[in-house]
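Look for chain A in each of the two complexes below; its partner is chain B in the first and chain C in the second.
Right, the complex of A and B next:
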């Protein structure tokens, strides 16, 4: 009897593996097609001028050169503020924004998902409603609020308004919703305090959601140019994204602009790979079992 | 009243519905009970406070403010003038462009919304079966169109859909003998919307896709073994009986995000303004009024109407995919 069962499982395993090969083949073929813009980005950055303006345009680069990067360095040498200042600003802003966002959302999503306090459904309703509300027309009121609070023309304007990220809060809360309440009940019975339930059970289980939030927000804040344009009038406080945007103009700078868009995208790709490898079986790694 | 009686009363209030005769009394007690409940959950409120303070200041107040502005005429330079429902009447009765924008947006949302939602789910599910070590690379490949800047996207697609015979698609069709002269993909009003939709689908594996990828990793592996004991063996059965119920919260999240993003589509690969407004969407119409004409009141009215549409469809998503109690 037992023997039969093992045979059956072995067969099932074999069948599953064949399915796996088909899936990987399919994904690889589709994946190549989806990778095109990234490949194009890399190719363009290394194209010499004659290939950049080739007509009809080509996709791949034939004679790669690093001239575009040299041009870019020459332009950065003549910037109004030392290039390193733009870079410092962007790194400082990105790191503090991501840190604060993950912290604030990790704090807020736990009670919204696991506690039954008065007003919970109302607050969550407000968050989801404003998530679906078109914010485009609210830009002017938001501008007025920011200037009234006098956080414009400081580093804070890059960080604080963006922390009210309803999409990411909703995402984190939904991830915590997938965790069965029994786990928390069991913890309570074992004598864990509310704080221990939060730090020892909830936070490790939020790992995947946190990684996803970091990926989703990183690119936006790293390349952000509009905040610098709208709220900042001190050149020393402006960001890399703003500076790179000013390069774009003029045919002579096409190569440098291509190099700069590669440089602006590279950190996003690196962060993406790092964070995506953090996404794993939370249930197996949380130490609950 | 002694302490004991009071405690009993409190207990009664939590356990059973209020007695009809002593309604006022009970309401008062309920209020006291609520305060008590709030106090026991002070840690919950403390944890949420930073987010909600920022949310109210930078998100809720601006939204309410702009809703208020939709009942006014405001051009930024003068102070807003109350005009009641005028903006809405104009929007529905006289604004013929709005109808065009509405039809385009609806066409786009009805196709791109469901297709990108299902595509995200199934590709994420496929990726979930890929071995751990190479999985991030597959996720990266499919997320690449959303990751690279819009400009890179635009260039890739304009090469593909170029209007003359040098465009990849035109030269391919010409070589195959399917067409005899190049098609004006981005000029011909018959082709603009389909081209926009294809490009949008190609770059639509974004937020909802990542939510699914991460969501599948959160599914308890032991549930598969438990399901196998119950006779669930095939991939699709596992999807149906284990993965779908376990990723319900992500399904709801992604539905809301997909609905919102497909109805708020703005600038596409076709330049604005487009030939015969064939690529005009509600969001582009809105930005014409708020940005170009400085008619903030009217732009706000458009935003409110679009929001009501999104909220209506979003409610259906909550009904279908939300928590069942």
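Right, the complex of A and C next:
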């Protein structure tokens, strides 16, 4: 009797193991595709000049060199504004932008998902509509508004215009929609105020969505160069992304530019690795189940 | 102790009077809009107003330099910009291409993302690394994807040059255009994979345990547990992928608009085109949402 059970368990385990092997095989095959851009970036950063200008370009590097990185450090040492200032600006802007964004989005999605107030459907319609919004066509009016508000040439211009992010709001609202209303009603019966419902229930339950939003927006704000070019005239207020972009100018610096792209990418990868574990694990402990 | 109690009671009384002054309905309205207000202000300032201003611009023939002073030499032309666009055959072609691309790409992206997400949800060694790998295209989005597609390097046949050493059928297949299309579509599916993964985490394990006890196979439990549970996210991903394909930089209409604004002389026309395109895309999404409403819980 027991013997049979053990046999069955062994078989089941074997089947599961075989399943895992198949899964890993499948994912490796597809993962190769997804790794290609990173491999290309990596290879390009280590290419000597004669390989960088090959036509048609090659994918892999043949004679890797760290000359590009040496050039890059030489350039950063000679920049008009100390390199540390660019780094400080970028870190400050990125951190405050993401903090404000998550706060504003969680606040906005809470009533949109869990309240029935007059005008809600209209507001949601507006959000969905502006998902289609083509940014390029409104660039000029946006410029006019920013200059009228006199927030150009300050740190605010990096942070404020991007806060009204509709894509992320849409995502967050969809996440909150899947949280049962019962949890909020239970809170209400226990006498929680709206603010408490928001801070004690909505925010913890939205950690998943928050991590998603952070991952999605981090790369954009971290490497952003166009805001510095368009709105900032003081070199001290410009960002790392802008500085790295200026390196790209001139054929002699192509190698250094490739190296800088690789370096600019690393923080995004680190943020993703940190945040993704939040995405994966929080749901398991969140009490939704 | 007693004092504190009295204080607390006073506070409560105060609250009650406030509550009775403002009706329940009105309080709900205020709370609803209050929470959304910070976002709404930003949205109105930096999205809605520019959007409305761009309608105005679409009725002018203007140059970039005029726009900064706005009145300048701009010339009111009424619907001329719109007429020009409708009559331009290259615009029609671009619109057709952009919709045709979406039609075949979006379903592939969503199904591929679902497939990968389901696999990634299983427990196996090295799971974390795989999750990172499948998100690389988004992390690199700004930097290298433009390298690969936009700049001079855009002509590089990535897959071709990898297998250039291996000749024969292998090189032919991998170096072909089909592989490039597939690679392109796969690289667009990262966000969808992430959304699906997060959605899959929300399916209670107990449901799987129950159907397993009932003797359901993995396939059956996918159809009867997973899919119904995450159906809103399938719709969400369809919408996301649609929007993404409509506003991606390699979309034919988008590159057309970029050309118009880059030269700086056709700004009115670009505004008109963007409005017409936006309405068309919106209509598509709306129809899609209406058709799939019943899966949206």
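Quick note on the criterion: the second predicted complex is superposed on the first by the 242 of 289 C-alpha atoms of A that agree within 3 Å, B and C clash if a C-alpha of one lies under 4 Å from a C-alpha of the other, contacts with A are read in each partner's own complex, and residues count from 1 in each chain.
The rule we apply is simple: a residue touches a chain if its C-beta (ideal position, glycine included) is under 8 Å from a C-beta of that chain, and two chains touch if they have at least 3 such contacts.
The model shown is predicted, which means the values in this text are computed figures rather than measured ones.
K.L.:
Are chain B and chain C a fit on chain A, or do they clash, once the structures share the same frame?
P.N.:
clash
K.L.:
Check whether A:79 is in contact with chain B, with chain C, with both or with neither, and answer first, second, both or neither.
P.N.:
neither
K.L.:
Looking at the overlay, what does A:220 touch: chain B (first), chain C (second), both, or neither?
P.N.:
second
K.L.:
Looking at the overlay, does A:67 come into contact with chain B only (first), chain C only (second), both, or neither?
P.N.:
In the superposition, A:67 contacts neither chain B nor chain C.
K.L.:
Look at A:166 in the shared chain and tell me whether it touches chain B only, chain C only, both, or neither; answer first, second, both or neither.
P.N.:
In the superposition, A:166 touches chain B and chain C alike.
K.L.:
Which partner does A:154 contact after superposing on A: first (chain B), second (chain C), both, neither?
P.N.:
In the superposition, A:154 touches no partner, neither chain B nor chain C.
K.L.:
Touch check for A:140: first (chain B), second (chain C), both, or neither?
P.N.:
The answer is both, since A:140 touches chain B and chain C.
K.L.:
Considering only the touch criterion stated at the top, classify A:23 as touching first (chain B), second (chain C), both, or neither.
P.N.:
A:23: touches chain B and chain C.
K.L.:
Determine where on chain A the residues touched by chain B overlap those touched by chain C, and list them.
P.N.:
19-20, 23-24, 26-27, 30-31, 34-38, 40-41, 44, 56-57, 59, 104-105, 107-108, 110-112, 115, 117-119, 123, 126, 128-142, 145, 149, 160-161, 163-164, 166-167, 169, 171, 174-175, 177-178, 194, 198, 208-209, 212, 215-216, 219, 223, 261, 264-265, 268-269, 272-273, 276-277, 279-280, 282-284, 289
K.L.:
Can you name the residues of chain A that touch chain B in the complex?
P.N.:
Residue list for chain A touching chain B: 9, 12, 16, 19-20, 23-24, 26-27, 30-32, 34-38, 40-41, 44, 55-57, 59, 104-105, 107-108, 110-112, 115, 117-119, 123, 126-142, 145-146, 149, 160-161, 163-164, 166-167, 169-171, 174-175, 177-179, 194-195, 198, 205, 208-209, 211-212, 215-216, 219, 223, 261, 264-265, 268-269, 272-273, 276-277, 279-284, 289.
K.L.:
Using the touch definition up top, name the residues of chain C that touch chain A in the complex.
P.N.:
Interface residues on the chain C side: 28-29, 31-33, 35-36, 38-43, 45-51, 53-54, 57, 64, 67-68, 70, 116, 119-120, 122-126, 128, 130-145, 147-148, 153, 155-158, 161-162, 182-183, 186-187, 190-191, 194-195, 197-199, 201-202, 204-206, 232-233, 236, 239-240, 243, 246-247, 254, 257-258, 261, 267, 270-271, 273-275, 277-278, 281-282, 285, 289, 297.
K.L.:
Could you please specify the touching residues of chain B with respect to chain A in the complex?
P.N.:
34, 37-38, 41, 43-45, 47-48, 50-52, 54-55, 57-63, 65-66, 69-70, 76, 123, 126-127, 129-130, 132, 135-145, 147-149, 151-153, 155-156, 159, 162, 166-167, 202, 205, 207, 210-211, 213-215, 217-222, 228, 233, 235, 246-250, 252-253, 256-257, 259-260, 264, 283, 286-287, 290, 296, 299-300, 302-304, 306-307, 310-311, 314, 318, 323
K.L.:
Quick one: in the complex, what on chain A touches chain C?
P.N.:
19-20, 23-24, 26-27, 30-31, 33-38, 40-41, 44, 56-60, 103-105, 107-108, 110-112, 115-120, 123, 126, 128-145, 149, 160-161, 163-164, 166-167, 169, 171, 174-175, 177-178, 194, 198, 208-209, 212, 215-216, 219-220, 223, 261, 264-265, 268-269, 272-273, 276-277, 279-280, 282-284, 288-289
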